[in-house]
């Protein structure tokens, strides 16, 4: 299969929220989102805060239920799964192997060391524990995390360090489609560069990515496709 | 599918026959005959290795639902399918219609329950090891050495020192008693683990360690779980899928992150917005 | 002294006997299963063998020969009284000879002589329900028997093995009958358990105070609950022999006297038999 094969096709995706606790008020999320993402490419969502960029990622990941439209995920066997409507079990299965989400905020167990946190996804796909830890260590070093921090819980880290642990965990065993919500926010220029280098390597491996960046320079440097998201009034 | 419930109901009281239709989300007490509909035509599915959370306020029927699955309570109506059990014609068979010995075998071997109150899940007249041994004996194991080493294996898995294996439950703290329940429950290598408010009433540090332990063991052993809790933190930490109950009815079902981040039903929204 | 002509044969009225015989038939049909019965007032106190007595009186006929033992002894006060009573209300001959008796009523022992076809042994039982020690709820007990669910009894065995190396149950050791019902064989020593297995005789158990009857028919498999890697251990008397007859392969009574501990056969008839045989041998 060529690297230009499509990984995700989003058609007329829209999301509204109905807030019953506030008397049934309807809140607009986003609407009319259309794009196709080939393998090995990075698609950037750009637009002002509140335009619904994060909501789009969450809807594709199914943390949000789409109000209408579809998000067709193309599997390697040629079949397509509509992430907006398929069964929950199917989503869980895809999340285990094929679709990953790197959130803006660290959501991890406070009682697990940074090294184990990053090694975990490798162990889950069957990599030997020692090998997984060695690779996790390598990745943390590359991201500039000091070795004396490896054995500590990331909750004790600075914001930038936490973000790097979070990214390391999200990409160490990369899934075929990665959703990245501001992966370089709160990182200094040097770390940002490293992360962008890593994302470029993932593209080489054929990983398809959707990312949110606030900085147009980064979009220009790494993105193959840019989808503007506008806030509707 | 490991577990499948079809229109499972439980009515406490002499039903007038129309209770299920006369009750629902607004209230579980039948206006006609006063019977309580604890579980009202609930459908659900749990696949191998899946972790399902059940949330809802006190009295919503979530614990009763668990007891119906574990056959601690007789089901009033509905069907339950489990573990691909079929009848002679090869059609899947409702486990509620199985002979008593077969039902007991399911309960003893293929399912396990962890109760909120350790007094319900443990026999305080037996040692910790004896409690674990009971579940292993239920699988018809009759070699002492095998039973002893399995009991010890699961006792150390719950991070207890081997020297305490022959101590009695009342010599352990509440959190340790919960751990012993876990060791007992897992010692038959069940396909399905049912947990009824497993950490309610424990202080937070103990609660966190027990939840970590359950999660690690689930990853390692791969059993499916149904976790009943009123604590959304517990549900978020442990489960992949969540169902929301109100007045005996299932009002919403979805991925746990979706239920917590994008709840649809008014009651779920209220529940999520009430989180501290 | 009661004369046979003054009372009904067998003391009990015919309706009472019929009721007990029905329970016995059911018990024989379901080996090891506990059957309730009415349990009449007897002229001895409950707890002194009224269950065994009622069973004996219900099955006895003019053609029977009766032996009664208490802890293996024909001459103990209770054995003598029960034997005299049955004999006085039936007129059947008494014997101490295990091989000649057709009905043997016993408390806490099975005779050393092997029982044969046609013999019936009647046990006096204090506590018939083997599950009482692990499950107080009688409804649950019935379910457990029905489901062949004896895990809790096995846990007792597990606990004893873990803490003491072997079962602490000295008497009344639980046995599985015909691979199904587990029952209390009455407080006989472990030494006697093997005599129940595939026995040629009919074994009837009566608990008067608890109003229960159960049975082991002839040629029925009876096996003590034992882990398959822990052999069943019976009482042993290493280096000890009966001081009267010199036997070693029998169950010995430990008798504490002022000058120390002495050992004698528990089964007095067996002891006498050994002595008599030896005496004849000398004479010959």
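Each chain carries a letter (A, B and C) given by its place in the written order, and its residues are counted from 1.
FYI, a residue touches a chain if its C-beta (ideal position, glycine included) is under 8 Å from a C-beta of that chain, and two chains touch if they have at least 3 such contacts.
A quick note: this is a predicted structure, and the numbers were derived from the prediction, not measured.
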Farthest chain relative to chain C (centres taken as mean CA coordinates): A
Chains most often in contact, by C-beta pairs: B-C
Centrality ranking, top chain (CA atoms only): B
Chain centre separation (chain A, chain B; CA means) in Å: 33
Chain A and chain C, separation of their C-alpha mean positions in angstrom: 77
Inter-centroid spacing, chain C versus chain B (mean Cα positions, whole Å): 46
Chain A partner contacts - residues on chain B that touch it in the complex: 45, 47, 50, 208-209, 212, 219, 240-241, 253-255, 257-258, 261-262, 264-266, 269-270, 273
Of chain C, residues touching chain B in the complex: 134, 143, 146-149, 151-152, 154-155, 158-159, 161-163, 227-230
Residues of chain A touching chain B in the complex: 17-21, 58, 62-65, 88-89, 91-92, 109, 111, 124
For the chain B and chain C complex, residues of the former touching the latter: 100-101, 104, 108, 123, 125-127, 129-131, 133-134, 137-138, 142-148, 165-166
